[in-house]
Amino acid sequence: MSHPLLQVSDLTIHGDGVTIAPFSLSLASGQRLTLLGETGSGKSLIAQAIMGTLPQGLTPAGELGIDGTSYAAADVAARRTLWGRRLALLPQEPWHALDPTMRAAAQITESHRHVAGLAPGKARQATQHDLAELGLEDAGGKLPGELSGGMAQRVAFAAASAGGAPIVIADEPTKGLDAPRRDAVVELLARTPQAGGALLTITHDIDVARRLGGEVVILRHGQVVERGPAERILEAPQTEYGRHLLDAEPSRWPAPPRLASAPDATPVVAARGLAKSRGGRQLFSGLDVSVLPGEIVGVVGPSGCGKSTLGDMLLGLASHDAGEIQHAPGHRLGLQKLYQDPPAAFSSHWRLSRLLDDLVQRHRLERAAIVPLMERLGLDERLLARRPGEISGGELQRFAILRVLLLEPRLLFADEPTSRLDPITQQQTLSLLVELARERRCGVMLVSHDPALIARLCDRQLALEENAEAASRPSAKAEPVSLA
Amino acid sequence: MMQATLIAPLRRLAWPALSTRQRAGALLLALLLAFAWLVPLWHDADPARQQLVRILELPTLAAPLGTDHLGRDMLARTAAALRLSLGMALLSVVTAAVPGILFGVIAGWRGGWLDRILGSVADACLALPGLLLVLLLVAIAPGNFWALYVGISLVLWIEYFRVVRARTRVLVASPQLEASRLLGFGPLYLFRRHLWPELAPQVLTLAAFGAASAILAMAALGFVSVGLRPPTAELGLMMIELLPYYHEAPWAMAQPILALFVLVFSLNLLAGKDPR
Amino acid sequence: MTSLTLSRSSPSRWRSGLRGLLLQRLFQAGLVAWMVGTLTFVLTRTLPGDMAYRIAAGRYGHDMVDSAAAESVRAELALDQPALGAYFGWLWDLLQLDLGRSLVSGEPVIHELWHQLGHSLGLAVMAVLLSLLLGPPLGLLAGRKPAGTLDRVSEVAASVLRALPPFAVGLLLILLFSVALGWLPAAGHGRFAHSVLPSLTLALALAAVSSRVARNAMAEVSQSAYYAFSHTKGLGSRLSFLRHGLRNAALPVVAYLGVQFVYLIEGVVVVETLFAWPGIGHALVHAIVARDVPMIQGTALVMGLMFVALNTAVDLICHWLDPRRRET
Amino acid sequence: MLAPRRLGLALLLGLLPLTAAADDRSLDVVAPWEITGLDPSTSGYVFARMGIGETLVDTDAEGQPSAGLASDWQVADDDLSWRFTLRDDVLFHDGSPLSAEAAAKSLEHAWRKPGMLDSAPIEAIEAEDGEVVFHLHEAFAPLPALLAHSTTLILAPDAYDESGTVRELIATGPYRLASLAPPQRLTAERFDDYWGEAPAITQTSYLAVGRGETRALMAESRDADIVFTLDPASRARLMRNAQLSIHAEPLPRTIVLKVNAGHPFLDDQRARQALSLAIDRSGIATGLLRHPEAAAAELFPEALGPWHLGLDAGESQDLERARELLAEQGWEAGDDGVLRRDGEPFQLTLRTFSDRPELPLVATALQDQWRELGVDLNVAVGNASEIPSGHQDGSLELGLAARNYGLVPNPLGTLLDDFGSDPDDMGGDWGAMGWSDAELAGWLATLRHDTDPEVRSELAGRVATRLNQAMPVIPVAWYQQTAAVGTHLQGFSIDPLERSYRLDELRWAE
């Protein structure tokens, strides 16, 4: 066994409100290690500490051994020279990490030329080779803005590894990608260890950890909960939190209560022969859909196939080219929507209590109904004094459900409501949603690109076909709303 | 129920939080305002009263800031000039901000042909040589305040329009407006809760820069003797009248320049990051 | 929206974007020419005071102007022509690119404009170049380390320069460079040295603003994800700055150039008066006082078109710098 | 024609016209007045002052008419025709000789355009056997003085195109126009076959600089060899500069208040005298103009001899007497300090212009001084032509201007324009308005054609005294021509009639 490529001993990080317990790892050529944990577990900080890109205010301590030479964790300057050459970082949301005004090929060629030191001609050849290998033959001339999520991921990978660095650190590589693309990313990352390098992956997705294999470390609040080979840890976790984390995988969820209402009850919404095209392309045609009160209908399909557009049509927010839609009689407020990115659905400048008061004042609602519903949704009273930006994504999404339920909705269109949440939070949120929908006989259309989740939760499924690989990447978060 | 929300917006338009730099600017501006409006209370010299025997005198007890080239009391004149300049700045900011924000929101929100029309009108206005318009307007009504002020603030609204339109477009595309609309809130509520808190810091910055450029424009017009009629005390006019005596009585000319400098400096501090 | 899957070679996309832009700008130029012309025509007609007297004062000076001179001017120029006839007459001449003759000096307006606008343009171009040398480089350096000492110092300096009226700055420069040091002539024109002080006065005011715009742009770029990735890719700070920092930060600065020219014209008037520079601002003030209508309209027209041409140039540079704009 | 365009192009391309070798250094003159064009009727005064153009009649040291291009002249005994004999050795700048026909043609052009010749009753101008003959339809003694004015510069026939506009400045002066960049700049070079004595300095340039401070700075930084018209503040500073010598000469130009005697408030002589008595002339002279002797209690300065009465400006202010005079006419002080008469406030608007920077300043001073008296004065700083146009349409109430009584060597010409010699058509654009005095008209009429010196000086005294009582035009202050000259120049002197800068008498000091 050659000496380890990457040796980390007793790495600790401390700063304002953050303490990471001493952590060590050793990666030899061909080996992989995955740090698994929920948001706030400190997994990203460890990767950044190794790379040397910790934000101000956080100081690392401990020893690093790279290719046999040892570095003090705090000595970032020394590690800077290794960037690209010995240590490569694949950043989160790679479509933001590419220079928006430079063509994709150029951003790979510059690594070959300036990091690997190839002559201009050779660097261009190497780039063509990389692109061909990654199936991006015609993407070279495009700008990052024109690339889909998956394509951007592969371009970033090529650019990061062009320097020939044996050690690759991948930070949340599958965040914001749908299921088919997730598998492609795992296969992409596996190339490094196969070629004799070492791979360190940071993710909250259990399925990715299982496919990558190698050693898995489960982290919680900066502490190592459990560690060992992937087969053992991910099948039979020893610790209670480990089991709890694995049970959060949709395939292990308990089946929800059966739909009680009779099939012949008037559907909350019924649509026949729906057709819609966008930007000159036919999204779908001749589509029939209906939702009974309390029924959960799943909507599945690749990103960009028109799932959200269908929702907008049913809620009356968008027009439809053909077909007709009937709604069960009732107030327009009965049609509501849950959004994929909770903070984007709230104005970040006001306290939650103020937003709730507005709603109560606007519709003269029963103020007494709020407290029990909050308890039901596991929301602490004190949260009301905070602003949307100051509470977690999970809590904010449950607050959105509270807001919607106060209006006794008949139909709720949930557009990938939990794709950005951690597994455990996702499970809690969805089970609450289903429970309350059944109780209040509110029809739900649940959109997700995780087939296992849809299969487990929904009474019926609606699949939208595969279209030409649309170039629009996952509904990228809108321009950062918070002040630059 | 509807009127409740109609009245509500005016009362509860929250002003943006200010950074320390901006707070310093606001403090400096407050000091200047106090100086401009409180001086006449305890120093009752008439800004136009002349004593040709006592011209360009050093500060004395009777005239704490000395006298100008016509023997007029500089303290009273500087205070009066500051009042006029601040009034002018406030006026030009309001008449530029209100249409600018209104059209900006409409263009950003509605988009489509309305956005294109308003956009081309703004571009055309910007192409008009502002200087020529001011000179023509001033020539129509020489020396009167209103022609001067309209000419200067005619072009200022375009900056507000452009910044507000860009910001509104981004916000309209984000889900928060759609969510509130689904929850049954009207357009006024959407403006008050979603748009205004986002626009307020930018508008404040543009207002501060706009006020500063309006004051400097009025001073420039005074320099080419197209400005206000004597004996009005205006910072630009005072500078020009005292310019010839820059060697003999530099402190006299320094006062209007210092007053203008502190005023514009405080506005720049208040302005924060330049959104252009 | 061109379909994205089709990947035609980039030059043709560049040309179609370009043609659309030029067409739109041409239309705007026509609109501006007509609007500016009509507006100045209407405004000059509403100016108080008897035109004949004003032109006589412009021609013969305040000593010699009297009713006899005014009457002879009225007869010579047939001033009491009906307004509408004069307007269409002017419009017709405009179509033949004939701006007519100045009523005061009798010279063709194009000739006067070439002389005066030429000088003003020369000054403006020098001022902008000088400001580009002073402002943005300082701003970019300050932006690389936001809230650093250089950033604070340049911010205070910029605020000071923005708060000082141009003639105060001009006066200080004259006192320093021509009276005290004697390096440069105080005023007048003729030699290149004459244009240094006036353009420096203008450049300082412009640089104050453009340095802040450059600083904000660079601060934003240096905190962006792609700038960090360029470093972690191994390019190091110098290459990252040159290949990724500079171009993205230059976009707002170049876009701001277009707006800057609007404020420049205002500064030019003051500087021309202080430095006795034969510029357009100075001539415009006299033309309006002397009711020299053809001169006013010619100046307004040329300044308007110059502004549109300038904006087109700025757009072209932005197009070249930022490929994204070619797609929309 | 030398196209100014080339100059503009040269600047744009940044070419550096090399300064010539030491000897033919250029003499740079800086003054406030801009050049409108080539035509003597609009910019003749610049060409005359820079020694480029000349007139038939010149002026001697005492400011009396003397021989110029015309060696001498006589008037026929019926006083209706004047004969001017020309010098025979004069060449134009294009080498063509000065003939009677050329002079007559040039003067006819000048006569047809607005200028000094309008105020003379000319019937025709002809050239008869080598002499220029003027036929008048009534006697006019000051004709020779008129022919000394810069609007009557003599140009060669090919200087004019068919329509009479001046294509090129071909004149007879010691310097020839080298380049012209209106409105600011011209350069001239020595004309070698000049009929008179050739000047020492070979190259000259003239630059119009509007602002006083800039002119003073150019003098200090040696950018200009001679700077004319220094503003009061800079003059004191430049006095202390060892490398500059400051010259000052009183001018026959007076800052006057043109009063609309037809206005209901001002038709009574006592009202006009009250306004005059309220003016603190010595304060304005010392405080504003920085020249105590400038205080003017009467219209005509000392230089105009018999017209000057020698009144002392010190006693010209008497606020109490002024208040009494107004009280006699029924004006009572209102609570806001403004006088009222049967409900109407004593409010007037004064028009002035900023071409002469000191006028708005004096207007502001008058505003404050009359407020003491209870008169509320609005000051409107606008264009110089608003005063004559206000005179024509009767809308003028008060006008503040700088009237030049030395436009031509004898003030009579200007007085005839300002007050008139026909009793039922008195007054003029820059003179009296809505005021007539038959006796004064008579005196002026006799002065028009009587050439006997005693009679002229006695009548002059009477006219001056009457104007000083009736005050149709209220004098405020007299002018001084000031100049800052580098010590590297010798032989500089100021022409009291502002006709010439006398460049041909200058030499570089060794």
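Here the chain labels run A, B, C and D in written order, and each chain numbers its own residues starting at 1.
The rule is short, and it goes like this: a residue touches a chain if its C-beta (ideal position, glycine included) is under 8 Å from a C-beta of that chain, and two chains touch if they have at least 3 such contacts.
In this text, all values refer to a predicted model and were calculated from it rather than measured experimentally.
S.K.: If we look at chain A and chain C, which chains touch each of them?
M.R.: Looking at chain C and chain A together, the chains touching each of them are B.
S.K.: Please find which chain has its CA centre nearest to the centre of all protein CA atoms in view.
M.R.: Closest chain centre to the overall C-alpha centroid: C.
S.K.: Name whichever of B-C and C-D has more C-beta pairs touching across its two chains.
M.R.: Output for the comparison: C-D.
S.K.: Looking at C-alpha means, what's the farthest chain from chain C?
M.R.: The chain lying farthest from chain C is A.
S.K.: Find the geometric centre of each of chain C and chain D from their Cα atoms only, then give the gap between the two centres in Å, rounded to an integer.
M.R.: Chain C and chain D have C-alpha centres separated by 39 Å.
S.K.: Averaged over CA atoms, how far is the centre of chain B from the centre of chain C? Could you give it in whole Å?
M.R.: 23
S.K.: With chain centres taken as the means of their Cα atoms, state the distance from chain A to chain D in Å.
M.R.: Chain centroid spacing, chain A to chain D, equals 87 Å.
S.K.: Just the number, please: Cα centre separation of chain A and chain B in whole Å.
M.R.: 47
S.K.: Quick one: which residues in chain C touch 2 or more of the other chains?
M.R.: 171, 273-274, 289
S.K.: Considering chain D alone, which of its residues make contact with at least two other chains?
M.R.: Only 213, 382 qualify.
S.K.: Show the residues in chain A shared as contacts by 2 or more other chains, in ascending order.
M.R.: none
S.K.: Throw together a list of every chain pair that touches.
M.R.: A-B, A-C, B-C, B-D, C-D
S.K.: So in the complex, the part of chain B that touches chain A is made up of which residues?
M.R.: So the residues of chain B touching chain A come out as 1, 4-5, 14, 170-171, 173-176, 178-180, 182-185, 189, 193-194, 197-198, 201.
S.K.: Of all residues in chain C, which touch chain B in the complex?
M.R.: For chain C paired with chain B, touching residues are 28, 31-32, 35-36, 39-40, 43-44, 46-48, 159-160, 162-168, 171, 209, 212-213, 216, 252, 256, 259, 262-263, 265-267, 269-270, 273-274, 281-282, 284-285, 288-289, 296, 299-300, 303-304, 307-308, 311.
S.K.: If we count contacts the way the header does, which residues on chain D are in touch with chain B in the complex?
M.R.: 212-213, 231-234, 236-237, 280, 283-284, 286-288, 354, 360-361, 363-365, 367-369, 371, 378-382
S.K.: What does chain B use to touch chain D in their complex?
M.R.: Contact set of chain B toward chain D: 48-50, 52-53, 55, 69-71, 142-143, 225, 229-231, 241, 243-248.
S.K.: Quick one: in the complex, what on chain C touches chain A?
M.R.: Residues 1, 3-5, 7, 9-10, 220, 224-226, 228-236, 239, 243-244, 247-248, 251, 321-324, 327 of chain C touch chain A in their complex.
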